[in-house]
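Structures are listed in the sections that come next.
The two complexes that follow have chain A in common; it is paired with chain B in the first and with chain C in the second.
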Partner chain A sequence: MLNRKGILMGNKNILIISFILILSLLAGCGQDNIQANEKLNKNNDNLVIRLEGGDWGYPTPFLHYRRGPGAYKMKLIFDSLLEKDEKGLIPWLAKEWEIKNDGKEYIFKLNKNIKWHDGNKLTADDVKFTFEYYKAHPPVWNNLIVNGKNIIENVDIIDDYTIKFIVNEKNATYLERVGTMPIIPKHIWENVKDPLKFYREEAVIGCGPYKLTNYSREQGIYKFKAFENYWGPKQKVDVIEFVPVSDPILAFEKGDIDTLMASPDILNRYENNEGFKVTKNKPFWGYRLIFNMDNRPELKDKSLRKVFAYGINRDELVQKVARGAGIVASMGYLPKAHKWYNPDIKKYNFDIEKARKLINGKEYSFKLLIGNSPKEVKIAELIKLSLSKVGINIEVKSVDNKTRDGLVKKGDFELAIIGHGGWGRDPDLLRDMYYSSETMESNSPASGSLPGFYNEKINELALLQMKQLNFDERKETIYKLQEVIAQEVPQIPLFNTIGYFVFRPLKYDGWMYTYDHHYPEHCKLSYLERK
Partner chain B sequence: MNKPIIGKALEYIITFFIILTLNFMVPRLMPGDPFTFLSNDEVGVSFTFTEEEIKKYKDYYGLNKPITTQYVDYLKNTLSGYLGYSIFYNDEVLNIITERITWTISLVFISTLISAFSGSLLGSISAYYRHRKIDKVLYFFFVSISQIPPFLIGLLILYYFGAYLKLFPLSGGITPFMEYNSYWHKIIDLAYHFILPALTLSFVNIGNFYLVSRNSVIEILSKDYITTAKAKALKKRRIVFVHALRNAIFPIVTRIFLSFGTVIGGAVLIENVFNYPGLGLLMKEAVFYRDYPLIQGIFTIMALFVLTMNLLSDLINKKLDPRLS
Partner chain C sequence: MGRIINIIKDFSLVGKISLIALVIILIIAIFAPYLSKYPHDKPVASPLKSPTKEHILGTDDLGIDLWAQIIHGARISLIVGLGTALIAGVGGSTIGILAGYFGGFIDKFLMRLADVMIVLPELPTMIVLGVFFGSSIYNIIIVLSLFSWIKPARIVRSKTLSIKEENFIKIAQIYGAKFHYITIKHIMPYIFPLILISFIKLINRAIIAEASLSFLGLGDPTSKSWGLILNYAINFSGIYFTPYWKWWVLSPLIAITITVVSIAIIGREFEKIFKLKI
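Showing the complex of A and B:
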């Protein structure tokens, strides 16, 4: 048994020990021990870049995982006919292309002297083989399926370096769909029966700028080395290493990794500091609030949906939840930085009075389904607070993310919040999301999540833009489509996040953003010489 | 003599079946399925399955069959040693688990040994100096730390020794891409990465052993033969560690085997803090992706391990304590 004094005495010692411990921790925070002064690498010879790793699967088109950055690792090894830069699609394995026969034929002329990592030459034969193989064995990132069907009808070899695709219909998105599929070597894959079990070393022979030299699944590490006989622009980074990281901030400051996605709270450590450079990621990741009009038919009334649009303070969400690192989402869905964003559509600034007028004294209550991330919980609470002032009572139900996804997919919800990326993709995503039909399709996390919504005009425009190969005509339709969507409010895009990308420019500063993606580490051109 | 053994064996078999059944049911009771991805993280992207693909995969993994058929298949497969094929990782569950299990098991064994050894040492000291200052400090300290969640201790240790003092690596189980010129070199590197997670896990469990050994040594110290030993003017060290601790060792040994269950639980959390390549990280992801075969596989292996340890503790108890047989 302990006597009272004893406990106090023990307590005191503990207090002193913890006090010392805390003090020393604080000292650690104050002391500016960030390692910024890497030696300036003038020639970038043998430059090794270290990035946050983790296991995302064996980087073949079939074995990288369905989530996470595995696909971009695969793309370092496998080139495609076209590539993306800041502005749009650019020639890559194909030096030029032509669209003929009213959009039903695509002819690509390949560069010569393209070598696979094992020294063999790439020809049109490999390209034809690739697309036929993908028909029989769909890769993870399969752009070739539209409305449940493979879009390629035939692939013809015109000569060793010219290839013709015949597609099933005229479609504005087909160039990107065909152009961005990774090309695989025929001499290796023609004998592979089950690509899902093909873990051999040959499986990662591609014609891309990097060769995979090391991968360990259980440790989550990858090592990519520049391919010396690469056909394209010279690699500026010689070796890319992905290493396991417990805490990214600690690892970045210790110099274990060279880039960091920083939260606004720690940004001042790196801003105005010569050793670091901060860039803003593109706002192509966001949260949206969706309505289930099948379960709650009163939501079919446009003016009730507008009550939500006016009654939710989206500016507040950006300030309080994203800590300022975000923008209020466009009601026409395509975010401000999107190539096809229409700035002149109806905006819904927070306006309690307007919302009250629209709801006209009625009262409603809804169940709001959310995941369990702290951010979603915050969003839901803020929405609940501001809508209660309008007369809408919200009951928040938080479940784990996978459960939420499952319930939304089944249509078992009234209102739900979902966060996902891909907001920068081809505007055909508007069709994916807003077109209402029986068949739901495709690769988009967004698709088919507006149960009960139907709008003739939106359907019409969504189908029209898909057929317009002329840039200006299509742009006009897309603008119009955003306008109608903004008037109809089929869902509420809440806000798009802007991540901060921090790196050490003295070590490497070739980071770039393609026009449609938010993160520079994923862009192949970030590692290559630019003109 | 035979009856109790058969009874014990039956007990274990029934327990194992109950665990297998729970293993089968619990993942399937969780809403969501392995094929639905609507949301994703901020750096990631996700590719969803088309309806056609979902159907294909459900057939492939037998998820379309009636639940009873699935259960029977599962029991058959598990008993014949086949743990299934992971949906997310695209590989045999057994392969995935064997890659990682050594990391977890060595973490669990070594840290248990460390905490058992130092816990019982400190416990005996505490018992000998019962009611004195050193006992009170130790007692308070260990009672307090046994209440702190393991991941918090892990974070503190990670921050202090890894980031602030920069003495140890922040994550991983081995230096990536290192080429070793000797076997020793590799072992040293492994140990270097091993220290912080093992230290954390030992720290989490040391309180347990401390309390057990303190109690049993206190009990022994009140025995007559200890008074005799004291009367013979034997050295303190000899009385505590030879006469008392040796006789008090039996509950400690039992505790070692029984604690493996909780230690594995702690290891799962700590591996996540240090990004240590064991089963813990894998388990987190398996649950996150609703990868049924993988969840089942991991839990089956863990259950087997814990049951084996319990069995061992039963057997050793009998050996150590003649009264039980």
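Showing the complex of A and C:
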């Protein structure tokens, strides 16, 4: 009878807690008429934009997390030679460029008066240093490796503001590859032996529009402040803050954050409401199902892969998991909104009879690796159900998202579902993914080959397209490539999401989409003055 | 058994209602497959349908009937509750009797072990063990039992200690009665009410613990227990800004609440009648 009081309290507590729980559930639903936040900012002085936080690594080119939210924070600090707008590549640090010698020489003319955050001047020397440093120490998102080789043969300084790159061969993608690498200051990095351990304050000195003034890994906080001596267009947003958020919708409604990715179910709160504006994201983010043909050689059989293609109801995934806010992905990978998308390729509509015919009475069982986000769990559950009707037994293994990213990179899985952006990039991504090579070009989850997949025709087309500088010729090859990929089913692109981006236009209306990216928060030009 | 029925007759009105509620839940759990025409793990209708005659609790986002899930979840909650209570109750009482009766080294050893278990922070350790052993429902029962035997063991030990000093036990020992005989004939009748009440409380604890583990996403993902249904529902983006919470969140929540509250009340009734308070 020692614990008399303790247990009695326990009983009461249970009652009280369950009562409070129910009350708090009801409370969330009372306020149906929300108002747009009234914190107007007419002259935009000291405009502070708050966005959903989370730890995505220290924003240097070497230490950010390999996914978009990490890389694009880094790009606020570090500018590159070129930038992207709605239509394509635009001059940035380089005001003009020339391609010479049958596509083997790239000459960039830099803007003058570009200053690093610490006041030093940026010259061609820094650019040359950057590319040499990247050769020895590859950054997380490395565009400079093609088929296992660094594309830069030599970097020559012509004068303080003119620089010439000599590349290993002519290639349709090299301008973007060279142009989008973040430039780092020589006077800081020349003494850094191991950039993976360089966590000092100098590591985030760049020449970009924003300076990092606060970073907390534990809380997932970043604070960026406009750099007053920025060479380029004036910043419209003075401070960008990434703050920890437990429930994004509540935080947005309370005005704690300024943007929201809304699900279609709650869209009616913001549509037809003057205080809010809703834009549709581009479908350049999506989920795919990857086969590991090294670990399970039976998957090298094209007809077994087609069983998956016919046996998975991708339309159902869009309706139930994305709540209709998505499109069934193209079997040729490039999504419908991509400017190189080939609409006339094989579609693989859900057809259980066809799948049964192809599997021909055999039974298989596979382990499916997924992350732990509720959406992926649902995708896996639906795939499991529909494949079980065909005779494929799926055992789902759910791990932390970052663990899954790592396992997929290492090839340590049988089947895996992974979701990522970057589906709108240059179609050379088809080579990156479908060309059978062992090399890993970039650390991004949107990059990397399919383990064990080999197809002569795809290899040939993948290599051909990147050498075609003529737009129409290249387009034809890319179309053909998508066609062959759709016939071979090396992996199953499941669906692309169309997010609804909600913001308060009275507070800030500058959001834009670059031609190849799905999400305005990631675009540098969203925060700058436009002509 | 007759004794228990007599006790139940002495229950207050609330106690009797709770008992009826619990019996109904028990029946539902036992006959779950016959009480719903839909499976608990397959989509049968369009997603997020509000409650209708066809689907009395509506459907979730995959189109799975919620009533089928709730009654199937009752099974899991009760299996976990009863299983844990049985293992921890029997194990804990045995340890308590051994420690109380023999004293000395055995007592010290067992009680220090109990101290160690009390010092361990419960939820974090359960989470670690759950992750380590994998989350099947049996593992959850074992992990919960590991943390639940201490209270019954301590209570039973102190009662045993006091009974042991009674004269009739001393006399029985002088006449040659051994541990086994004394426990069954003399100690058990005294500690039975204690064990019964501990048992009821353990059921509750286990049901709540399983629901919290599943809610945190550490339960058995294929089991569809109440905690897991709640976890799925709450993770649905913006659920409180849609009408879906009215059936999807409330039904598992009410199921958990009714079960836990009625078991708690029954425990209290027993305490009152035995004039015991643990």
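Keep in mind that, in the parts below, the second predicted complex is superposed on the first by the 353 of 531 C-alpha atoms of A that agree within 3 Å, B and C clash if a C-alpha of one lies under 4 Å from a C-alpha of the other, contacts with A are read in each partner's own complex, and residues count from 1 in each chain.
One rule holds in what follows: a contact is a pair of C-beta atoms (placed from the backbone, for glycine too) under 8 Å apart; a residue touches a chain by one contact, two chains touch by 3 or more.
Owing to the predicted nature of the structure, the values given are computational and were not obtained by experimental measurement.
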item: Chain B versus chain C as contact partner of A:Ala124, first or second or both or neither; value: neither
item: First, second, both or neither for A:Val396, with chain B first and chain C second; value: second
item: Dominant toucher of chain A (residue count), chain B or chain C; value: B
item: Chain B versus chain C as contact partner of A:Gln319, first or second or both or neither; value: second
item: Which superposed partner A:Ala251 touches (first chain B, second chain C, both, neither); value: first
item: Partner chain in contact with A:Ala355 - chain B first, chain C second, else both or neither; value: neither
item: Chain B versus chain C as contact partner of A:Asp265, first or second or both or neither; value: second
item: Which of chain B and chain C A:Leu63 touches, first, second, both or neither; value: first
item: Overlap of the chain B and chain C footprints on chain A, listed as residue numbers; value: 1-3, 7, 10-11, 14, 21, 25, 28
item: Touching residues (chain side chain A, partner chain B) in the complex; value: 1-3, 6-7, 9-11, 13-14, 21, 24-25, 28, 53, 57, 63, 65-69, 71, 138, 140-142, 145, 148, 196-197, 199, 214, 217-221, 223, 241, 243-247, 250-251, 253-254, 256, 261, 285, 371, 399-409, 418-422, 440-447, 449, 497, 499, 519
item: Residues of chain A that touch chain C when the two form their complex; value: 1-4, 7-8, 10-11, 14-15, 18, 21-22, 25, 28-29, 249, 262-263, 265-266, 269, 319-320, 323, 372, 374, 377-378, 381-382, 385, 396, 398
item: Parts of chain B lying in touch with chain A, wherever the complex brings them together; value: 30-33, 36-53, 88-91, 96, 99-100, 103, 131, 133, 136-137, 139-141, 144, 156, 158-160, 162-164, 166, 170-174, 176-177, 273-275, 277, 288-290
item: Chain A-touching residues of chain C, taken from the complex the two chains share; value: 41-43, 47, 61-63, 151, 154-155, 158, 201, 204, 208, 217, 221, 232, 235-238, 240-242, 244-245, 249-250, 253, 256-257, 260-261, 264, 267-268, 276-278
